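Report on the following structure.
Every chain is named by a letter (A, B and C) in the order it is written, and numbering of its residues begins at 1.
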Amino acid sequence: MALTVTDLACARGPAQVLANVSFSVAVGEALILRGPNGAGKTTLLRTLAGLTPPMSGSINHVEGAIAYAAHADGLKSQLTVFENLMFWAQVFGTSSTAHAIEAFDLAALAHRRAGELSAGQKRRLSLARILVTGRPIWCLDEPTVSLDAENTTRFAATVKAHLANGGSAVIATHIDLGLPTARVLDITPFIAKGLSQADPFAEALS
Amino acid sequence: MIGLLKRDLALAIRAGGGFGLSLAFFLIFTALVPFGIGPETGRLADMAPGLLWLGALLACLLSLDRIFQLDWEDGSLDLLATSPLPLEGLAAIKALAHWLTTGLPLVVAAPILGLMLNLPGPAYLPLIASLLAGTPALSAIGTFGAALTVGIKRGGLLLSLLVLPLYVPTLIFGALAATRGAQGLDSTVPLVLTLGITLGCLALLPFAAAAVLRVNLR
Amino acid sequence: MFAHMSSIWEYANPRRFMATSAALLPWVSVIAAICLIGGLIWGFFYTPNDFRQGATVKIIYIHVPSAVMAINAWFMMLVCSLIWLIRRHHVSALAAKAAAPVGMVFTLIALFTGAVWGQPMWGSWWEWDPRLTSFLILFLFYLGYMALWEAIENPDQGADLTSVLCLVGSVFAVISRYALVFWNEGLHQGTTVSTVGVGVEESEGVSSVFLYPMLTSLAGFAFLFLALVLYRTRTEIRARRLKALIAQEQMA
């Protein structure tokens, strides 16, 4: 298994959002997270990425295997497309940006400043960043927002190629990417209803 | 790490990066001083070392909220936190980038502004030395303050409130070194103490900054 | 010994804390009132005037204890912050939060009484004397600490950030203290105990005429601090619980 989650409870700020989340993602498999707005998909992904510590439960994967992409594009508008990608390549210690530029058809834009791009183009650049990390487990939060049909297909093809190469992915999305090895996980049953965060002072005044 | 430093320097220098704003502030501060305390050169000369230190400190303070705020707003701080770069290293690089784009230009500008305030001749070397020794501490302390307030909307004023008391020892020793130089006294001891504070700040504060960043990114 | 040590942490349990503090609070308050009233009346009316400073010197019965408690309050916040960072006891974090305004007021009292006391001697209301200046900086630290608590909505996040600030601030406060001595040699009278002996040259040690009312007043301030912190911590716990209940209601 590339990623195994056991009895995970996640919190957003002081409030518990999800409880008893258990799933595993195999090598070459994609897990599609579904659930209503505010259910906790983003919180779950942030917890998987290691930004938010889990309230309880465990997340098992090889250290440094997760590449995280959030709602925000994380781009520097003063830098060019190429400079943005090159920066992340340096941070992640991978040197090549060529395959990422090709996968998202960014060659024509490579020397434009990110600030001049349209929302869809920014998104493509942001997704290209994931390829540049060279990490096997992708945790993507609504990756297809502001992508047109053509680029959504391009993105799906990239994910497919990644899975075929022995990668895995956890993707919060509402659209059907047409991935052959995708499994859908509806997180609605895990919503921590009424179970507010273990209030440390719950018994203080009883 | 080098990549991050290069990016931050490039961002600071390009349009909208704010490079030079602190320098301009330092210039305006120095230009305003005589309006406040009068144009007599003798009095200005007496106060020049302390005023230049104070001006440099305030100019430094002005640019602190940019250290993490921009990365926080566009989401790259989240992405950096999930990268192989340790947050301690991130904080250290951010402090270094801030010093290179703010502290170092202030050190270079200080002697020129010293001419405007009639800074006594023997004070130039101690002033430059004390600013060189002290401004890295201002950047390191400021990086900690910026990390502390990164998640707070309109946290700029709070940042100043938190950071200014922490600047007290650096200011005291740094300005004392410059002032003693102006009076023709030996300024080795305050210089060494300034350097000591800087080294201590550089050694320890990146860890504190990383700890509070981790809390703010949760 | 170890059984005793482990039992200390039981008071960090919120329920245990609420029960214990409820039982202690009236006693602590009464002791504080007795010591304060007793010590101040004793000091103000039943000790001789200073030959140089006259009755002004009697302000030390307020000045010295409030200054001592201003520092100790910060020290208590430091210990509570460390306990929170290391052992994650929520009561400890809230006790640090509760102590800050009390410590700040003690600092203000020390600054104000110091100015009033020093004015006839120094001829000005404010002197940049190292010790007075240290208290001014301590006041700024309290201000920053409280402002940071105020700015953060999530209580655990607030506790984490203010604890680290308290830790870093403490180190810088100590450095500032020595920096200030280096900066200006100072006009301040000697240490606390020798202050008590001002004007009584005939007695080498501290005259018990001054020492006992001072110690009584000091105990009064210490118990007052304890009572206020217990009271405020209880309020913080209730406020925190209330917030959790409201949040729960909104979620349901």
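Definition applied: contacts are C-beta pairs under 8 Å (C-beta built on N, C-alpha and C of every residue); 3 or more make two chains touch, one makes a residue touch a chain.
Please read these numbers as outputs of a predicted model, since none were measured by experiment.
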| item | value |
| --- | --- |
| Selected pair, greater C-beta contact count between B-C and A-C | B-C |
| Most distant chain from subunit A, judged by the mean position of its C-alpha atoms | C |
| Centroid spacing, where centroids are CA-atom means, of subunit A and subunit B in whole angstrom | 37 |
| Rounded Å distance, subunit A centre to subunit C centre (Cα mean) | 49 |
| Chain centre separation in whole Å, for subunit C relative to subunit B (CA means) | 32 |
| For subunit B, residues that touch 2 or more chains besides their own | 218 |
| Shared-contact residues (touching 2 or more other chains) in subunit C | 157 |
| Contacting residues of subunit A [partner subunit B, same complex] | 46, 49-53, 64, 66-79, 83, 86-88, 90-93, 129, 133 |
| Contact footprint of subunit B on subunit C as seen in their complex | 137, 140-141, 143-144, 147-148, 151-152, 157, 160-161, 164-165, 167-169, 172, 175-176, 179-180, 182-183 |
| Subunit A-facing residues of subunit B, complex | 2-4, 7, 10-11, 14-17, 74-76, 78-85, 217-218 |
| Sites on subunit B touched by subunit C in the complex | 144, 148-149, 151-152, 155, 158, 161-162, 164-166, 168-169, 172-173, 176, 190, 193, 197, 205, 208, 211-212, 215-216, 218 |
| List of subunit A residues in touch with subunit C within their complex | 13-15, 193-194, 196-197, 199-206 |
